[in-house]
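Each chain gets a letter, A, B and C, in the order it is written, and its residues are counted from 1.
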Amino acid sequence: MLKDITIGQHYPTGSVIHKLDPRTKILITFALIVGLFIINRFVGYIFVIAFIAAAITISKIPFKYMIKGLKPLYVLIMITFLINVFMTSGEILLSIGPVNVTREGVYQAVFMAMRLILLVIGTSLLTLTTSPIMLTDGIEHLLNPFKKIGLPAHELAMMMTIALRFIPTLLEETDKIMKAQIARGADFESGNIINRAKSLVPLLVPLFISAFRRADELAMAMEARCYRGGEHRTRMKALKMEKRDFISSGITMVFIGILFYTRAM
Amino acid sequence: MKPMIEVEQVVFLYKNNEEEITALNNVNIQVKKGEFVVIIGHNGSGKSTLAKHINALLLPTEGRVKVKGMDTKDEEHIWSIRQTAGMVFQNPDNQIVATIVEEDVAFGPENLGVEPKEIRNRVGEALRIVDMVEYSEKAPHLLSGGQKQRIAIAGVIAMRPDCIIFDEPTAMLDPSGRREVINTIKKLNREEKITIVHITHFMEEAVEADRVIVMEDGKIVLEGTPREVFSQVEQLKGLGLDVPQVTDLAHELLKDGVELPKDILTVDEMVMELCRLK
Amino acid sequence: MSIKIENLTYIYNPKSPFETKALDDVSLEIKDGEFIGLIGHTGSGKSTLTQHLNGLIKPTSGKIVVNNFTITDASVKLVEVRKKVGLVFQYPEHQLFEETVYKDIAFGPINLGLQEAEVQARIKEAMDLVKLPYETLKDRSPFELSGGQRRRVAIAGVLAMKPEVLVLDEPTAGLDPRARDEILEQIKYLHEKYKNTIILVSHSMEDIAKLVDRIIVMHRGKVALTGEPGEIFKQSDVLESIGLGIPQITHLINKLKDLGIHLREDIFTVEEAKEEILKWIRGKGNA
């Protein structure tokens, strides 16, 4: 189940998109999200689909893999679809008991579902083509201007890096503790909600203790390696904007312009 | 020549539930440049507390610790002390910061503000020394314990330290991981001329040291070459520490009147001595 | 409690690029009351095997029979399996979670559905077995204890379930020599007292050799060697080829043999070596 989630995973292929500066990719993704929300008719989607399809092709990430990433969100998409189908008033097409399906509802439902699907594919493209470290680096740089108003940009980025580093370690640990408690007769699967919540105590307490111990030891190890916050720090992989970054940003701007045009059509 | 590390009459006290505990009780140690020192003792003997003093992670309650002449109490030296005396810890998982091996090795030099190009060089060199070049772009959590420890060592080497303190780096490893780490430590001492302070409770890791220091209850109880220390079989056993099997055997045979030197350390020496009996 | 393992195979991530055979057609028999040492390096399949014994993992194929009771059957209730086979994981002190030592050890017995009086009796007995003073420690928080004590609390937590087969996965990992010797001593005592079947998983040949009746060496998911410690150490070339260390004494005997000095080859302790060498020296004096 956990393995099915592709959001947040990195899929290295070495394509041009992978090589783009993370800042460019974050900004393009942001523009794409804005674009999705300014669309007010289906024509706009044709351009978005074309844009995303082109990006996927260039990124060399298998199309199937992208679709697989939607699987865990299947329920969410269905719920969005159904709410829109039934909750929108207008010209009635079909009546099932007290609820009505309207023409406007169907239109709205398809519209919203498409927005959601494209949103997920668009953003997962960002994480699939960017290593977590590059991503946090990009975020740190983009947030740098806000340091003046007291935003701890470096610290936030460092927290993200450490979180990413320890996710697999803690997942492994969860599995180990769970097995050990099952061996002592713990039951995580049956019973009502309250019993199930209670049964998590033998799992969560050791997990928290271990996480705090790790945090403590890591802090000491970081200090021993001369870590003292973002000041005076250099980076081995310095971010650098190149020609390809300006070209792709230009393309995106044209694309957003087209979306605005479809709105006004 | 000035000693690399000077520990002078260090006392360290800490409070645990209102109770004052003496973790180090008047400890004196000098470590020469290029020396390979092993500190043994069991848990709670104060050996890890001592290690953390050399890196200025802890400051002595009384006495002083100097690294290359710099006093750890002097705040302006703290970063150059940590750069001079690097440290490798016990749990391989809890000292790796980044999600990619080479980025982790770069962490130390990055903190020191080294130029990006120079960091690249140092990372490459450090990974070569620990023999992990082909793993430079791997995720650390997929490596074995021994490999993770070698990455942690590379991370310290990339800071170009004169001395490395190893705080029980093999305690959580299996025998093959332990061997990998020990061989790396020996190589650092021999080829890179790095001063080593290695803390462990595995006796066999002390056999090839220049000097062995045995700690108990925050004090130094034995000190000398491995030969001198291990020949004190009774005292070591009394402290609950191991002795190499052949040393133990030589000691036992000696008690029964067999004429053997009492400082036999290796299987080969034992074989030679037994053949001489002919 | 006898254990019979027949053609046990286990594959991780089947039908994927990460497919790995952790156990490959393993067949074994362990007699009632036998003390087994299970050796192999990381990835040899020994941990996968021990988890099968407790029903934590279901085999890809093959079966395990504990006292005429096939625990690998789909219909078997796992609670029943866990009453029979107790499993102490590596670094078991990392699973402690209760406020007091008493409550933590009680977790297993309560899960078995035992009555309060019986639970208390078992906690007392389990703490006795691992040499933890009941009265002084029962109300203490396990997190205030020393590393060695915490480990013993965790082991007591499994002992209190009174399993007929006890599996210990590297119970001495990370401990210093004194704490290690204490734990091994207690395991030995436990075996002598209850004559239950014990499987001790370890990396350390020296530790295992002194305690067990029989050693099973695993390598790449298969049983590479099995036999009494003496027999196993005779095959030091096999052990070394699969990357397992041999005790220094065995090493010494082998070297002497190369030089034409023949001593008994099935010894591995300092005491035995002393006797053998004394015998050899005396024999030489007479000659």
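The rule is short, and it goes like this: a contact is a pair of C-beta atoms (placed from the backbone, for glycine too) under 8 Å apart; a residue touches a chain by one contact, two chains touch by 3 or more.
Small disclaimer: the values here were computed from a predicted structure and weren't measured.
Among the pairs B-C and A-C, the greater number of C-beta contacts is found at B-C.
The greatest centre-to-centre gap from chain C, using C-alpha centroids, is found for A.
Work out the mean CA point of chain A and of chain C, and you get 45 Å between them. Work out the mean CA point of chain B and of chain C, and you get 30 Å between them. For chain B in complex with chain C, the touching residues are 42-44, 144-145, 171-172, 174-177, 201, 203, 240-242, 244-246, 248-249, 252-253, 256, 258, 267-268, 270-271, 274-275, 277-278.
Chain B meets chain A in the complex at residues 52, 55, 57, 79, 82-83, 86-87, 89, 91, 93-100, 102-103, 106-116, 119-120, 123, 139-141, 152, 155-156, 159.
Interface residues of chain C facing chain A in the complex, by the touch rule stated above, are 51, 54, 56, 79, 82, 86-87, 89, 92, 94-97, 107-108, 111-112, 143, 157-158, 161. On chain A, the positions that touch chain C within their shared complex are 176-177, 179-187, 201-202, 205-206, 209-210.
Listed in rising order, the residues of chain C touching chain B in the complex are 41-42, 146-148, 173-179, 181, 203-204, 206, 243-245, 247-249, 251-252, 255-256, 259, 261, 270-271, 273-274, 277-278, 281, 284.
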